[in-house]
Amino acid sequence: MIFAKDDKLVMIGDSITDTGRLKPIGEGKNDALGNGYVSVVNAMLHTFYPQLGIRVVNMGISGNTTRNLVERWQTDVIDLKPDWLSIMIGINDVWRQYDRPTIREAHVYLDEYRSNLDGLVKQTLPLVKGIILMTPYYIEPNKEDAMRRSMDQYGEAVREIAEKYGTRFVDTQKCFDSLLEHMYPATLAWDRVHPNLTGHMALARGFLDAVGFSWK
Amino acid sequence: MIFAKDDKLVMIGDSITDTGRLKPIGEGKNDALGNGYVSVVNAMLHTFYPQLGIRVVNMGISGNTTRNLVERWQTDVIDLKPDWLSIMIGINDVWRQYDRPTIREAHVYLDEYRSNLDGLVKQTLPLVKGIILMTPYYIEPNKEDAMRRSMDQYGEAVREIAEKYGTRFVDTQKCFDSLLEHMYPATLAWDRVHPNLTGHMALARGFLDAVGFSWK
Amino acid sequence: MIFAKDDKLVMIGDSITDTGRLKPIGEGKNDALGNGYVSVVNAMLHTFYPQLGIRVVNMGISGNTTRNLVERWQTDVIDLKPDWLSIMIGINDVWRQYDRPTIREAHVYLDEYRSNLDGLVKQTLPLVKGIILMTPYYIEPNKEDAMRRSMDQYGEAVREIAEKYGTRFVDTQKCFDSLLEHMYPATLAWDRVHPNLTGHMALARGFLDAVGFSWK
Amino acid sequence: MIFAKDDKLVMIGDSITDTGRLKPIGEGKNDALGNGYVSVVNAMLHTFYPQLGIRVVNMGISGNTTRNLVERWQTDVIDLKPDWLSIMIGINDVWRQYDRPTIREAHVYLDEYRSNLDGLVKQTLPLVKGIILMTPYYIEPNKEDAMRRSMDQYGEAVREIAEKYGTRFVDTQKCFDSLLEHMYPATLAWDRVHPNLTGHMALARGFLDAVGFSWK
Amino acid sequence: MIFAKDDKLVMIGDSITDTGRLKPIGEGKNDALGNGYVSVVNAMLHTFYPQLGIRVVNMGISGNTTRNLVERWQTDVIDLKPDWLSIMIGINDVWRQYDRPTIREAHVYLDEYRSNLDGLVKQTLPLVKGIILMTPYYIEPNKEDAMRRSMDQYGEAVREIAEKYGTRFVDTQKCFDSLLEHMYPATLAWDRVHPNLTGHMALARGFLDAVGFSWK
Amino acid sequence: MIFAKDDKLVMIGDSITDTGRLKPIGEGKNDALGNGYVSVVNAMLHTFYPQLGIRVVNMGISGNTTRNLVERWQTDVIDLKPDWLSIMIGINDVWRQYDRPTIREAHVYLDEYRSNLDGLVKQTLPLVKGIILMTPYYIEPNKEDAMRRSMDQYGEAVREIAEKYGTRFVDTQKCFDSLLEHMYPATLAWDRVHPNLTGHMALARGFLDAVGFSWK
Amino acid sequence: MIFAKDDKLVMIGDSITDTGRLKPIGEGKNDALGNGYVSVVNAMLHTFYPQLGIRVVNMGISGNTTRNLVERWQTDVIDLKPDWLSIMIGINDVWRQYDRPTIREAHVYLDEYRSNLDGLVKQTLPLVKGIILMTPYYIEPNKEDAMRRSMDQYGEAVREIAEKYGTRFVDTQKCFDSLLEHMYPATLAWDRVHPNLTGHMALARGFLDAVGFSWK
Amino acid sequence: MIFAKDDKLVMIGDSITDTGRLKPIGEGKNDALGNGYVSVVNAMLHTFYPQLGIRVVNMGISGNTTRNLVERWQTDVIDLKPDWLSIMIGINDVWRQYDRPTIREAHVYLDEYRSNLDGLVKQTLPLVKGIILMTPYYIEPNKEDAMRRSMDQYGEAVREIAEKYGTRFVDTQKCFDSLLEHMYPATLAWDRVHPNLTGHMALARGFLDAVGFSWK
């Protein structure tokens, strides 16, 4: 596995990452990591690699788009001096275009999204041991659905940035797609976005596979 | 319009009808009719036909299937002696098959659904001036979606029963389909089932058109 | 209908407009438009004109008089760059004279009312496609009632300003008067001011008729 | 004054009497008498006649009509063995006809009202030292208002019963009418029914004058 | 009675005056006057002198001593431009010496009390039509009780100041003493300080007698 | 000390004993013993005699008089099979005569009090190792105060019963009287009945001295 | 893995199993499985074996000992007709001996524990495809600690019963012991009993290994 | 005993001292001293030495380490001008090393702890009559437990500082150790840190013995 003893892993993103974490810093108290994939990743790392003492910090904030990450990057990522950084962002960049179509100033279109994310990765890569880029996703099996189509484009942009900078990469859409072959979306998420623990486990599995975790 | 002075209209169904109505009888106090299509219908009838003094009673209960209606039909419909009766039921009969697939005893399959609804209409028609049958719906534009496909079958069963007994009929799926040509589902309903006021307005419009309402 | 695709309509006023809307800007989240005539207007526009994608913003604040509108006009109207603007104000300008007669500094008498409203309209008309002026009202059928008499004078002032500047005009008092021929005030509003949904539907009807809405 | 040392006075009625009193018996704990005319009467009696130790019990229940009084008369009046009894009932008998006109089974028309009240007085008079009958009222100065007109008829029925049985009598409508010469209804009651403390003081004054109270 | 049409009466003091009044200014909304002697006085004035339209403002704050009054006098009295002013202060000046004897810096001894109160009266008398000085009190019949003895000294200081400046004067201790001849303290106040409505009625009676009120 | 290893001590009484204990049985969970003298006694016994493992059970109920104890004696004392029993009752037997003088059926006069308590002791003494009788008290230094005088009579009755049956005895009034030589009642109890922790410590001290406790 | 398509797995136990599950049956609604090892097991099974559609039901109840299981076994296990059953019980059988030593009737000593558990397994084995027995545990690394020593004896009893009946077996104490080589107990559980998600993950891992789960 | 009439004793520390005390200054109101050893000490001093009128002030804050004390020493100790000062600090200095091992910046290691505490004592001793130093503790009987071992080192540092400056000294660990000979830790504290009242009584006993208290 890629993490070494005492490494500090900061995980940033939107409500999927946030999941009720402690503010302003998501660590220290009970439930400080929220109740989603971050807390699952943390639990798996400590259960299977107790000798490493890895420090996981949750910095997700509900409703965030890449614009919000740009604004709070210095205080919420750089200042925390992470060894590793995971980023899962983009669902709200897309979603606002579909659930609040009239509020156009809240939409983050593909070019801006790509540019925002590229800038964050570029700026941060020299400061950390490595970055894990996670795509946004939509728990919708119909690839012709308008919002799914957009989400796939944003996910593709993440893949390109990951390749450009050689970071680790998690295709979260694929994690869900393999479940959706056997399950209807409503068994995973009320709104096709915020998953129950099964969905968060799928995200954690994708992340853990990307960092070389093995179930011994 | 089909309603006459002092007519009493009972509207029964599931959470779409319930919308927080007063229990056990949905009338009398402020907000007793909930905040969905029932209260919109009531408001439209009183605003445009104030001289009729129509009495609207909401008897919806969240989570109900046709099985629940059968159980509570005597006390919740017959005993109230309605002049008119509207029924919108079936979403949960279908939904449980998709959001809780392992809990099979909670599923109401098509044959039982058709039989339950047919029995209620047959039993009640002689006691009232008329019945308005409303289909269940799913705010999903993709007709190949598995749950949408099921919902369309249940809706078709309602249409057949309406024709068999000659009742008024509202194709609520069609109300939403025409909106979905211009709107993404997420602008109407968080979970593609429980609509915001725009969606309830579409249901009210379908109902009002079926009873001969006119905007003077 | 007067609204065009993507038009933005800001609706400002007092508690009748506010009805629990989101603060500071009444749009975006569920129930952001409150639960009164504004949300009904919004729902009707989206249900009957889904292709237009009209953006409705609720800027009402409970207890406001014209004095308050003057104070917050720049941030709450001008800065939002509306295409259309509706104003319904004056109930509190009058009411305070009748429910708190000893607190004279809270009364806004007719001359100041007329001057305040005239100034707002004059200043804003060049910046928008159009303004819809709505009178204040009192759900009291007795035209000799002291507060009703005052309210009628304030309503008359609105009519004069509407004519002076050629704006759209809604005589909300007339909307209620036609209902009061068939209903006692207590069926519409606990305090003859804050109506239930039937009363808000009457306000919405008045507004929609004034903007050329048609029930197709 | 008519009360003697250690007399027990039971005061029964609707929400105007109830005003949040302790249930099931309105006495004993702090605030057990509610915060309306009953607690004012009690305070005045103890302040001005401390030597008498009069025991005041509040048995009002919100929403009650004469029908409810008939049902609970044995347990809520007879069983308490009062020396004196005051009754103020009728507002809801009338009000339901005006605020919920479609729910006809909740209306108590004049004949039934008169008959109910007459029966209660007749049955109870032999068991007590005396009864104080208080009319219902409506804080509406316009005697041509439909609900005011009805209320005046019910008040007249109380006067006739008081005269028939020779009980003490309080014309509460008159108490308010004299205030309404100087005040607009909104300064006394939000809904022209439930008064603030000034209105309750007017009721208490009417009661106290009827029982021979004097401000020494 | 000493009050004239449209007079404004500000009543200031400690928790006995405060009784849950609206902050920062105790007037305007329902229950803005709290639920003690201030609201009783207000109700009596409006019920018996409705033609005067007297404006009562409650500026009491729980826990206050004369020190606190000195600090907030400009904003809470002078700036409000009262026609008449009532002051009832001193209970906490004394009480802190008895319930928190070790916290000596919270005690206001007699000399400071007299000096504080004298300064307030002297400064304000030229600005108003008149002042009503009310003594502090203790609902303890035993005049040899240590705290009662202190309270009597503070009350005596109020009397002296009232005589020095010729203000109206209410001996509230006497109001309670006459009740205590017939009642045990526990029937009036849980802690011998904060009375129930009977006790507040006794205070109101003392005040009203001092301003020439008559029960007509 | 009189308690032996594994002894079970049940302590019964009114609100002074109750102090928020767990219901229906006051033991087992945290704070199950309330926060008064019972929990102090328990803590002192376990801190100073940890080797004894004494089991303390709190069965006090707020508002109780001897009448209530008689009613619940079988289930709340006998069925619990205590080795030792403490009883502190009587404050409410007296207090109701002073704080609710008009509600005479709630008063327990001295003869009934003595008879009730005597019966309980007589019935229980053969079933236990011993009983500790604690007097009621009143935190009022003035022995001429009416309620204090009554309380002293009830306390005297407890002493007589203790002597008659040879039980242990705690004169709680004396515990407070020695404090009142140095403290004003308000520093011990808001209402001269419910003490703060200092007062409960005085009660615990009286109890502990009576059972042979020593601070080693 | 041992589970087949559509198998139903009931998991019963105490608070470690309960973790806030839905009552009376822990399935169906969101969070119905609580937030402990049961929900982790469920999520892992659905994420890694989505094609199986396994139905997990949580029947844990906080505070339960084997005595409670015996009482509710028919309704809470047999009647649910599980294919598989897991049992983790015994922590409270032991704990009550250490945290409430004086309440001896709440202790379940080793013989009764063994007998209770043996009876449940014997009775149920013929009705199910298989049982997974999980030991109780104590997150205390010191094997000489009194409560740890007891817990190890109870765990040994579970092992013997598992061997006797040939059921699957999870040594949960061992799961924690391997973590405790690297972590202090306080990082896993506030009270050395109720673990955070890391501890629940260790329990889930033990369970999953016992049923043949593999991370593909 | 060492305290003289009117002496002021400030007690500072972490959550064991805080126990829900009033903020910002822990005195004056009911329960201002929290519900731990501070309130027990206060109650014992007032019950047994009522003539001294000792003033106890609780300045504990939950979660504090010596670092926090250094930061708030001027305002929270020096400015209060105590006659006597007790300090019990260090549990969190140690605990964070064991319950949050990855958050290294929150650990206060032994050298810093000793230096912080030494500085506080040195700076304050000239300003007060005397200081009572209390060790931190851990309710863990196993002296080989890692955290217990650390805590003993920190306790030893307190002893050395007490000897260096000649202050009073309380070995709180010893208070608990003598109880742990007869009790399992779980009967005293859920988490081996925050004791129930029995544990706080043991702390109070240690303190009182150190200041010369005697049970008369």
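All chains are identified by letter, namely A, B, C, D, E, F, G and H, in their written order; residue positions are counted from 1 within each chain.
One rule holds for everything that comes next: a contact is a pair of C-beta atoms (placed from the backbone, for glycine too) under 8 Å apart; a residue touches a chain by one contact, two chains touch by 3 or more.
Since this is a predicted model, take the numbers as computed values, not measurements.
*Asks:* What's the fewest number of moves from subunit E to subunit G, given that each move must go to a chain touching the current one?
*Replies:* Contact-graph shortest path, subunit E to subunit G, evaluates to 2.
*Asks:* Determine the set of chains touching subunit G that also touch subunit H.
*Replies:* Both-contact set = A, F.
*Asks:* Do subunit B and subunit D, two copies of one chain sequence, contact each other through the same residue numbers, with over half in common, or through different ones?
*Replies:* different
*Asks:* Please tell me whether A-H or F-H has the greater number of C-beta pairs in contact.
*Replies:* If we tally the contacting C-beta pairs, F-H comes out ahead.
*Asks:* Return the distance between the CA-based centres of subunit F and subunit G, expressed in whole Å.
*Replies:* So the centre of subunit F lies 45 Å away from the centre of subunit G.
*Asks:* How many Å are there between the centre of subunit A and the centre of subunit G, using C-alpha atoms for each centre?
*Replies:* Chain centroid spacing, subunit A to subunit G, equals 33 Å.
*Asks:* Centroid of subunit A to centroid of subunit F, CA atoms only: how many Å?
*Replies:* The mean C-alpha positions of subunit A and subunit F differ by 62 Å.
*Asks:* Tell me, which residues of subunit A touch at least two other chains?
*Replies:* Within subunit A, the residues that touch at least two other chains are 53, 100-101, 183, 190.
*Asks:* Mind listing each pair of touching chains for me?
*Replies:* Every touching chain pair, ordered by label, is A-B, A-C, A-G, A-H, B-C, B-D, B-G, C-D, C-E, D-E, D-F, E-F, E-H, F-G, F-H, G-H.
*Asks:* Note which residues of subunit G are touching subunit A in the complex, please.
*Replies:* The touching residues are 30, 35, 39-40, 42-44, 46-48, 50-51, 53, 178-179, 181-183, 190, 196-198, 200-202, 205, 214-215.
*Asks:* Can you list the subunit F residues touching subunit D in their complex?
*Replies:* Subunit F residues touching subunit D: 100-103, 106.
*Asks:* Touching residues of subunit F toward subunit G in the complex: what are they?
*Replies:* 6, 8, 27-28, 53-55
*Asks:* Using the touch rule from the top, collect the residues of subunit C that touch subunit D in their complex.
*Replies:* Residue positions touching the partner: 95, 98-101, 142, 144-147, 183-184, 186-187, 190-191.
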